[in-house]
Amino acid sequence: MKQAEVTMVRVYITEGDHQLRKLLDFLHNEEQVRGVTAFRGIAGFGRSGRAHEASLLDISMDLPLVIEFFDSPDRVEKVLQDLNQWVEPGYVVNWTAQVNMGE
Amino acid sequence: MKQAEVTMVRVYITEGDHQLRKLLDFLHNEEQVRGVTAFRGIAGFGRSGRAHEASLLDISMDLPLVIEFFDSPDRVEKVLQDLNQWVEPGYVVNWTAQVNMGE
Amino acid sequence: MKQAEVTMVRVYITEGDHQLRKLLDFLHNEEQVRGVTAFRGIAGFGRSGRAHEASLLDISMDLPLVIEFFDSPDRVEKVLQDLNQWVEPGYVVNWTAQVNMGE
């Protein structure tokens, strides 16, 4: 089984930041990362201690969002540098993983 | 690019456990971890082999939930110890990652 | 605190692939992995560059899905081999983590 090393990244924002579309466009158009997925959390809190939580009665609150992507370590290193202009310290996590490259 | 080492944690529960609020309060008030996000899965199964799955017709089922957080390795080690009183073995996963600390 | 090494896996598909049920059945019945959770993203794009995005007005689009599981490194290695027949290269990521095993 062939594998390649990648760097996984998760970027933590909230809906209230109105950054999702901008960041997806940036990752897609500027950085051309291989693939990106965004997830919406159902509850959470940030370093401010302010809680974010969804209910069926109120789906418009400031819910947490996570933008996840992975790519080669070299490419991700550049993306992480560039992300510093968009996201403040403490909200971009990365780690090393392996991706399948066929049999 | 400055980075700091963190430990990432994912805790696997289900809606039927009714533990989400309790665990978020615990992580926020007692442990004061830096940030927490909870996600709801759309399908899954646990070690019991019992499947959990959502459909538009039945959104009240026992869906999987994941509570994710990261913080410094020292702080997380204490949290993981304390989580043993809330969550049974096999449901709390952690790994080492890096977080952005500005340019 | 006792911990055991596990391998975490995330498999990236989309709703349009119609593979979710098949893969969950495969992981549950054939591979008998310890636990699996599936998540639906709210937006994303793949290597094709084609964007996937949800809105309240259109929840039937080709949204990204992630299937996540973890188990012992030996068991996961076999699963990763077998997944090559279901998922093309570049969509299955794995990394090493620790799972809680009680106090």
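Each chain gets a letter, A, B and C, in the order it is written, and its residues are counted from 1.
Basically, a contact is a pair of C-beta atoms (placed from the backbone, for glycine too) under 8 Å apart; a residue touches a chain by one contact, two chains touch by 3 or more.
A quick note: this is a predicted structure, and the numbers were derived from the prediction, not measured.
The two copies, chain A and chain B, are related by a rotation of 120°, based on C-alpha atoms and rounded to the nearest 5. Residue numbering at the chain A/chain C interface overlaps only partly, since under half of the positions present are found in both copies. Between chain A and chain C the centroid-to-centroid distance comes to 17 Å (mean Cα coordinates, whole Å).
Residue positions of chain A with contacts to 2 or more other chains are 39, 95.
Looking at the complex, you find that chain B touches chain A at residues 1, 6, 8, 20, 24, 28, 34-40, 65, 70, 95-103. On the side of chain A, the complex with chain B involves touching residues 12, 39, 41-47, 49, 51, 64, 66, 77, 80-81, 83-84, 87-95.
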